[in-house]
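Note that subunit A is present in both complexes that follow, paired respectively with subunit B and with subunit C.
Entry: the complex of A and B
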């Protein structure tokens, strides 16, 4: 009697346990499914934009009745004007994008590194969190507001220049706005990097007789350089992809020959995508997706190049990095070493 | 009470500390000009070296301080500029009124004119500007673009102003939110003049009215330029985006934080989510336009962008933030908690839903707040995925502009309207700043687990 009851109990327990495990597995699978969906979105994004971006080169559009146009592939790379009727050239858009980003980096890198240094090493103890919070708040302000500030404050300042400008709308004002936007990003990452520097290293430097300024510049910044570089990569990504603020201040000049002068109005990839979107249709709408492909490629290329550089900087990470990157690094380093020795020899001979 | 005292004390201490800090910096500044005691015993080469080093250090220090203060000054400048430009426009009326102006053209019926009678009206209100001949009280006002306008605040009984009809001959009542755009009047019946509310003040208009004997027609308008539609659209967008993104994001975070083992699949998922967070917002906009607009339209039969396409796009954008923040808060939960739950006989599922999720609440809350901040500020993606037409109300079926897109649109035209843009920017700024301060507070609370581990 008792044995039977026990048996029953065991069978029931076993069933219960099995059911529990079944639900556990199903729940786990559901969560895995959700995670895979979340991760696969980026693949869908790229595939769909690629498909739509190739369309202007292949499909026939009718702008005027009876006339059929396609995006001209040759002109897409060589034309110096950006047009939405199939003859536009994106070459100068690309150059302007890179140029604007470079100008903004020239301003934002020193400012943000020294701001981080100031916050971590020099600010009064209680003022430190206040300034840090200020920078955090600055990084959470949306880009439209930077755009208002650019239009309302920076453009009038640029307009005061003795040279004639397009109401202050210029590549320079765009890069100033971009610099303002990327300063908080770079600063926040740099603060973390500088705070992580080993205290003993700083103390050793001071014990050896270096002044505070020397320690800051030569020990702290040098040890934190990899972390700071990570911040710069983030800043570059933000500057390359920024659309609204840039479109508001850059002037949207479709003729690209004057892009070398920072006081000229210009047009970047993102601002070309955004300008006149309300009335766009047909090829004028679809060609923006081709620009999107170019933008994705540029961002991918630049960030991966910068990441390779960063991995080379960070000795510990190079050891763990994948072999492909290592090989590429070795390939370049041996070449560069060869070139360096070649020029060194030549220089020695000349000096003799 | 004690809390208040604590806050007051800590603020006081902060200020005293900052003061001391500046005193210290000032001392350092003074020390810069003092020379070392051993300076006299140095030879000339040492002296030169000493001075050069001191100058160099001083320069570096001053430069660092300048850069630090520059960043803070930039923030202050931006906030001050936006508040000074926009604060006078930001009124309750600005928030609650429509964007498009409603026009009301009034006719004078069969006779085609109103003639002033011999009798004069008596002012029964306390309005200062009153036309005795026509029996109307006028008042000066300002519209949402800071232009001067004239209101008709009161119409006496028996005044011809009560007899206005619309195009079809039906009687019309002028409600309070209409201002007087123009009045067509005539002095003798043969001449004709138009009294424009935007050109004349209420006093001048009253004088003109007193001098004229006939009224031929009128046009009344609402203020317009309001942000009611954009505000409602933004609120709806926030709701739907969170509805779409939170379940997905939290689910993925639970998988990565609780179930995932180190392997190629986990690594791939992590890498792809990282890549998603690096994509610029305009690319998300393109993706929304090419994926979600056809998808939603094929289901619902709508055309163009609408709230759903916009919020699905925003959900895509928010996923990486939500996954990362939630996973971080799951990782911070002490292992002993989950192990205790499992040891007591709870299944993994029960542990996940009853131990892990409640304890990850601060992280979920943080990610929600971060997401709200991002949705409010997003413009480029929504221009593509939802639309840039400014609406008077929000509706599920049409893609009207959100607040940030509203700013972008009104600054994009021939005559940028800075005051209105800055007024909207004040709303966005306050929301975003309050949210990020809240996130900071929550993250302090989240840290309580760190000691336990």
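Entry: the complex of A and C
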């Protein structure tokens, strides 16, 4: 009698356990499904931009009565004027974009790294959270506010240069605004990277007679370099893709290769897309999607190159890593197999 | 990491050095007004200086491509190549500003600037100065009588009545069209917002009379119409909508995004469309491509006029009057400095 009761109990416990496991696995699958939908938006966006962006090269647009135009592929890369009559070129826009980003990074990288180093290693205990919160707040300011700040403060400062400028509207102003915008991103990631540096390494360095400054520059920065580089990659992404603030201060000169002088007005890929989009129609509207393709490709290329560099920096490399798709496949198959066997068992029992 | 930091500091020093070198080399040429080639011993010859140095280059400003103001200006000065597109001559640097406000503030802070803006907003900024065009000052009178050359129409286009399933809404649209083109209240609202009228407000009929005559038993209270198209018309539209709502209870909500969306909006298939409008506004004429997509039920016409004024910084005391020819030369890059510009006017 007692044995039978025990058996029943064990069977019941087993059932409970199995049911719990089942709900866990189903919830996991639901979450995976949502995550996949989220991630697939990237694919939808790329497909949409690709479809629209290729149109100017294949579709016929009527500009003037009886005249039909298409975007010329060769001129799209080589022409140094940005036009909507099918002969516009974006090569110089791309160069300006890269140049502006480079200038902004030259300013933002040292500032961010030293700020992070100061916050983690040198700041007084009470000041540390205050400075950190200030930097965090900086990252939550919308880009249009940065644009207005650029127009109202940075442009007038640039205008004070002893050469003639376009009311301060220049590539340098845009770079300064972009630097301001990417500083919080790089700093926050760098703070995390520097905080994660092994304390024993720092202690060892000091014990060996190195000064604090030597330890900070040679040991801490060296150990945190991979993390800091990840921050720089995010900063590059922010600087390359920013449109509103850049368009407000760069001066939008859609003609020629004047960008070599940082005090000249210029035009980036993003500012070309944004400038006058409300009034554009026909090929002038669609060709902005072609610029979108170029921008996506450039950002993908630069971030992947930087990621390769970053991976090379990593001392510890994960070995035997399987591909993401294989992992997802594995994830799916084990869970689905479990759910299937569970219900099969249940149906069998029920039918009995 | 050390290398990156080192590179950054090297580059930074390089940029600062290059700027200093380029500034040192920028000594202006001696001119009759400025024999020493500098600004009265002030080495810092920046744009905020009070003296107007005619040897300086003209900083050219324009509106962005696609803007109705830009089209009107360049059509008026006879340089049609750049009215829609950035077909500037090689070596010409033009800063394209994306709104009336932006171009006025840029010209207002750049002493050597040359630009243009719409007449309506000219008086709102004190740091800029409007120029006479071909000897005629821009004003409501000179625009209406046609003596002032740089002017444009604000046009409208309405949705085809046959496309409506809701008869009340179709009626409201028709009533609004008549209200803004014929009634004295409508015309007054346009004039109050700076639109230049070609019709006489005093002889125009009152809305109550028109409504009784053309729309007997009109009940459009609570109906909502959507306007789309040019952003330049937004102010005028705001005045019209407020006046119309007060009289009829019908709301007109503006969804302005640019002239290009006016015809797109009124020919769009339904309210779910990306751009939808019962009435579309354009700050330019309807072009051939757009005309092709309209039918006879899409009535259109002009509601008022606006003028474009060439502007310079208020500190620019050397220029008061310009001609179409000299403006075109400046934007073509044939006249580069203010002294050459002043010489060409004489």
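The rule we apply is simple: the second predicted complex is superposed on the first by the 281 of 352 C-alpha atoms of A that agree within 3 Å, B and C clash if a C-alpha of one lies under 4 Å from a C-alpha of the other, contacts with A are read in each partner's own complex, and residues count from 1 in each chain.
The rule we apply is simple: a contact is a pair of C-beta atoms (placed from the backbone, for glycine too) under 8 Å apart; a residue touches a chain by one contact, two chains touch by 3 or more.
It should be emphasised that the depicted structure is a prediction, and the values quoted were computed from it without experimental measurement.
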| item | value |
| --- | --- |
| Side-by-side fit of subunit B and subunit C on subunit A, or clash | clash |
| First, second, both or neither for A:203, with subunit B first and subunit C second | neither |
| Which of subunit B and subunit C A:217 touches, first, second, both or neither | both |
| Larger contact residue set on subunit A - subunit B or subunit C | B |
| Partner chain(s) touched by A:264 [first = subunit B, second = subunit C, both, neither] | second |
| Partner chain in contact with A:110 - subunit B first, subunit C second, else both or neither | both |
| First, second, both or neither for A:148, with subunit B first and subunit C second | first |
| First (subunit B), second (subunit C), both or neither touched by A:278 | both |
| Which of subunit B and subunit C A:6 touches, first, second, both or neither | neither |
| Partner chain in contact with A:289 - subunit B first, subunit C second, else both or neither | first |
| Subunit B versus subunit C as contact partner of A:344, first or second or both or neither | neither |
| Stretch of subunit C penetrating subunit B in the combined three-chain arrangement, among 77-85, 95-103 or 167-175 | 95-103 |
| Intersection of subunit A interface sets (partners subunit B, subunit C) | 110, 151, 217, 248, 274, 277-278 |
| Contact set on subunit A toward subunit B in their complex | 20-21, 23-24, 27-28, 30-32, 34-45, 48-49, 51-52, 110-112, 114-115, 117-119, 121-127, 130-131, 133-138, 140-149, 151-153, 180, 183-184, 187, 211-214, 216-217, 237-238, 240-244, 248, 270, 273-274, 277-278, 288-289, 292, 295-296, 299, 303 |
| Subunit B residues touching subunit A - in the complex, by the definition given at the top | 13-14, 17-18, 20-22, 24-25, 53, 56-58, 60-61, 63-65, 67-72, 74-75, 77-78, 81-82, 85, 247-249, 251-252, 254-256, 258-260, 268-269, 272-273, 275-276, 278-284, 286-287, 290-291, 316, 319, 323, 347-349, 352, 373-374, 376-380, 383-384, 388-389, 404, 407-408, 411-412, 416, 418, 421-422, 425, 428-429, 432-433, 435-437, 440 |
| Residues of subunit C defined as touching subunit A within the complex | 1-2, 4-5, 8-9, 11-12, 15, 19, 22-23, 26, 43-48, 56-57, 59, 61, 64-68, 84-88, 90-98, 102, 105-107, 109-110, 112-113, 231, 257-261, 264, 288-289 |
| Subunit A to subunit C touching residues, read off their complex | 62-65, 81-85, 88, 103, 105-107, 109-110, 113, 151, 155-156, 159-169, 217-218, 221-222, 224-225, 228-229, 232, 247-248, 251-256, 258, 261-265, 274-282, 284-285 |
